[in-house]
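Each chain gets a letter, A, B and C, in the order it is written, and its residues are counted from 1.
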Amino acid sequence: MADSANFSIIGKRMAMTDARAKVTGLGKYADDLAVAGMLYGRFLHSPHAHARIVSVDTWRAEALRGVKAVVTGKDAPNPYGILPIGHDECVFALDKARYIGDNIAAVAATSAEIAEEALDLIRVEYEPLPAWFEPEKSMQAADHWIHETKPHNIEKEYHHVFGDPEKGFSQAAFVAEQRYYAGEVNHAAMEPHATLAIWEPEGKLVVYSSTQVPFYLHRTVAEVCEMPMSHIRIIKPLIGSGFGGKSEVIPIEVAACVLAKKAKLPVKMLYTREEVFYAHRGRPITIVDLKMGITREGKISAVQARVVQDGGAYCGYGPVTVLYSGALLGAIYDISNVRYDGYRVLTNKPACGAMRGHGTVNVRFAFEAMLDELAHQAGLDPAEVRRRNLLKAPCITANGLRVTSYGLPECIERVVERSGWREKRGKLPFGKGIGIACSHYVSGAANPIIRSNMPHTTVNIKIDRDAGVTVYTGASEIGQGSDTVQVQIVAEVLGVKTGRINLVAADTELTPIDLGSYSSRVTFMAGNACLEAAKNMRAQILAAVAKEFACPADDLDARDETIFRKSDPQKRVTFDEAVVMAINFHGALFAMGTYAPPEQARGGKFKGAGVGPSPSYSYSAQVAEVTVDPETGHVRVDRIVAAHDCGRALNPLTVEGQIEGSVYMGFGQAVQEEMVWENGRLMNPSLLEYRTPTTIENPEIECIIVESHDPEGPFGAKEAGEGSLAATIPAIANAIYDAVGVRINTLPLTPDRILAALREEQKKAGGNGAGANGGRR
Amino acid sequence: MTMAAFSVARPGSVEEALRLLADHGPGAMIIAGGTDVVPNLQMKLFSPRVLVDLKPLRQLSKISFSKRDGLTIGAMTTLSHLLESTAVREQFPVLASAVGTIAGPLQRNMGTIGGNLCLETRCRWYNQSYLWRKALGGCLKKDGDVCHVAPGGKFCWAAWSGDSAPALLALDAEIEIAGPKGARRIPLKDFYKNDGKDRIALGLGELLTAVHVPARMAGRRGVYHKLRIRDSIDYPLAGVAVTMDVDRAGVCRDARVAITAVNPAPLLIPQAGDWLEGRKASPELIARVARAAIQTGKPLTTSALTPVYRREMVHLHTRRALEEAWQGRNGHSN
Amino acid sequence: MNKVLLRLRVNGEDREIAVAPNRVLLDALREDLGLTGSKRGCDDSSCGCCAVLIDGVPMLACVALAASYQECEITTVEGLAAPGELDPVQEGFAECGGAQCGFCTPGFLIATKALLARHPNPTREEIRGALSSNLCRCTGYMQIYESICYAVEKMRAKTPAAAR
């Protein structure tokens, strides 16, 4: 293997291996698949936010010509959930409907029109119950709890204290205390969820589904359909991205299977965009009561956060989200004294879950905005305050997180340089502003959702006499470049062109288990498994060549499709020849690699300590520049400079794509995206009214890759796909303050909120009402 | 989302279209570009038996302009074609700038000026799927008897949410309507009824065929301001169109101000012309017109952003648009 | 309701299908003609995933009633280049990261193709404007712009200097 300066594939910009399939339109996503005799499935949803289901009468629907199966809660009563502690949902509500849009029944028919007609023929008798929509009210509920087993509608609460927060605050020269509120946002992946479930005559199910986690879907279908896992095959086709929205088992996936099993026919289901919002699992409404103290020198002396998350009607990933919110107060800055109180609350709305930057984003917004405020109070440069709170890696944080590589200092330096921070900060004309913020994220969770000693990823490689290299991996390509990075790693180690590698991915019948594409784990974990498998394969090939050359194996290297002697590079064989030698020597070539996070990476022992630990953390620093119209409150984000420490950029093209995509998504949440509720009713369940950014208002994004070479990452790599999102929001909020002198603690930072804050500021300043020119200047 | 069954009729002439409309009565519905009608059909807001598709009527997609006769735009002219017209861009900048803000380029390739003038009114309690509305129990405009915007009221406040109409009102446009009793030509301002439920004065069996802008409006300064959240795709949350004729001394000879998206109709500010005519720009005068605009504009909770904010933006954008028009600037701004 | 016999020229081939009058062009292409490249991302004509060229003009197939486009010439993403080949625009999106998950890509390719037909060397503002009916949730648009610049260069290299 080449040394780091001399890679032939790693670190090179490489088009994604499936790019051709995507640009020709020939690649198949779940809804592009069809089989003969396929039925169309449709859902019946609850019109009530909270209601006892008295009866469900389906005979009229069943009698409609063309209807092949109608299923209700009785057909699939086994509860499930992504967390072992949260098996609280059934694919169809059994006893109660818990939100408007909850699933009551489904129909499979010979056409979508007939299925929809049949839905209108199902009679459901409901007994409406008082419903809970506001998390802080829901926590006070004395009765009519959403789940009887969860008193006062509290799904989970955690209380952590590290160090001595009281003492820390007493040492602070400046203390700020604020309430922050972040609205609810949705992944809005362009592909609505779709599933094709094919019932095989042998009594088996083949399921093509838009999932980030085929392994968890596999388990859940087995549990709900009461079939052995060995009779179920989950295949992940192309996925129109996920961002976490496909990282839990989504009702459509199970419903299609239940219908197919009952009809004994293939069934395809596709969500409407509205249904995607009911399936949701996005970022929850989050209330953050934050208190922070800094010393006169700008050192953070204590942090106290109380976080309430509006989780919706089911558990989902909820406890993990609220734990991340607390745990990731750590591992970015050096903070010894932390108090965290986190509450995950149930309400009668669609369940929230994991979304890009899971758990950290809203708290990071609050934290970085408050740090900016404290820096101003202390009369310090906000970039300098961040520098004064850096960790000294390697280290273990107060809450037990192990930091192995730490590119944050360089990220800050690079964005300060590139953005012209020193020249611009505090010097731009009124209405123009510049802001800085940082963020970080895990490279996969060190502890699996379902506790076991199983490796988090296993990768197999097979080479036969054709010298084609087939990699079998469970990792799920969802648009982030997972397939490509695995191909690159294997090709680099074996010294072959990437075109020689055939990747078979995410098919439970063919590929070994991988936990899925979530928590930014694929490059680090599947990457390490690929690395190990490829090294094992390489060792077999080199051993055979060494025998042939009668030289030690460590005198051999593989590169550019040849195996050669390092001491005599003219002594060489082609990869094809080497494979033949190896097969003659070993038989068909097979190698395996696995990855499990090391024991030291798995965190502390306190309750909730399992969430937050990661084998490695990524870092981001960003500077945003904005123009605020002080008369309308409208914000234009002119430019964002983002530096991200991804350890090593195995493929700079896709790393940049991930960073830019994260910044864009942060921008959307910062200024314009929000799910709007009226008494549990989602008012904007469409891409017309849920406003993801268009090309016009989206900022110019400049991307800087920082490489800290993690000691345990594959070739030093760590995550790139999520860590940059969280910094974007506070960078924009801080730039707005720099522009017009107001701090908005509520997301999104809409023009009406900004204008109201400007007015308020004027009033405080005893403004004379002559134009909105209050603020700091 | 599926649509209920209907048939599509494709008339070859206006006469044939009128015959089809007459034959099918209330069961017929006109479709032009489809960008408004098709989503509404998918939401099951209408249940026509026959869609009368005007796309084959090529004769209705012409633009003509002369200094003598003014501008005539066939109702089936797509918004993109309209934007490409040199005459429209150079002589009627307020129209070009307003049309340029409609949805996005692909929607403008399909949508027509006639369709944009006949848009359905919009409300967040109304523009929802069948599933959503059924869970709600309907609203005053469709399948129910409760207005969720003004509970207790019996009037539908769904907002007129078109961009071209205010510009054309500010250009004193007329429209041509073909019907069973022949063609008629009416001022555009008389077309809008300011009733969310019954928005336009298009009788049963009638068809909008053309828009006329009088010759005297050629070369008229014009500005359109649109409040929206995204800079593309979005419908207006408020909009102001201003046209003005200013002499060399800076005296306003003629002016019109129209607002959109804050009432069930696009509306001219009635007093604006009288107040502005014969006057030079002054902050007091402009403020007076802006105040009149918010006396006319009555935004309610029909869309995103708060009514208070939208009202304030009507005021602000009226002021800004007047200032810009007086200074001789053309174009649009968000 | 009776089906309509629809004659279309799709990606250069004459096709005839019977469609219900309430069928949108997107479903006719995807389900009746097996051209699944055009995608459905929304239900209210606001995402651009379904864009196709109709007589050379980019439009949204999800709100186009199939029966309204009798005798029209349709180009979908599958028809942008001969089988096995890539149009420079496709090549750009593949090489420069313009396609991440790829779901919005067909719509962006169609909108870009139409843009470059009119403006072979577009400015950043023209690109932003022409693509502003298309939503992408992955890229933050930056690599889409780079992809288009790549295609512009590629096309310029192909055009003989005299023709420029």
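Definition applied: a residue touches a chain if its C-beta (ideal position, glycine included) is under 8 Å from a C-beta of that chain, and two chains touch if they have at least 3 such contacts.
Since the structure is predicted, the reported quantities are computational estimates derived from the model, not experimental observations.
Overall, the chain located most centrally, as judged by its C-alpha mean against the mean of all protein C-alpha atoms, is A.
C-beta contact counts were set side by side for B-C and A-C; A-C has more.
With centres set at the average Cα position, the gap from chain A to chain B is 42 Å. Our note on geometry: chain A versus chain C, Cα centroid distance of 30 Å, whole angstroms. Among the residues of chain C, those touching two or more other chains are numbered 43-46, 129, 132, 134. Among the residues of chain A, those touching two or more other chains are numbered 272, 274, 688, 694-696.
Chain B has residues 1-2, 104, 129, 231-233 in contact with two or more other chains. Chain B contributes residues 1-2, 104, 124, 128-129, 131-132, 134-136, 227, 229-235, 304-306, 308-309, 312-313, 316, 334 to its touches with chain A in the complex. Chain C makes touch with chain B in their complex at residues 1-2, 4, 20-22, 24, 43-46, 48, 51, 57-60, 62-65, 67-68, 70, 111, 129-130, 132-134. Contacts from chain A toward chain C in the complex involve residues 15-16, 18-29, 31-32, 34, 187-192, 238-241, 243, 270, 272-274, 478-481, 653-654, 656-657, 660-665, 667, 686-688, 692, 694-696, 698, 700-701, 703.
By the touch rule above, chain A contacts chain B in their complex via residues 45-48, 100-101, 112-113, 116, 272, 274, 631-632, 634, 672, 676, 681, 683-685, 688-689, 691, 693-697, 750-752, 755. Of all residues in chain B, those touching chain C in their complex are 1-8, 10, 31, 34-35, 38-39, 41-42, 51, 53, 55, 80, 103-107, 109-110, 129, 231-233.
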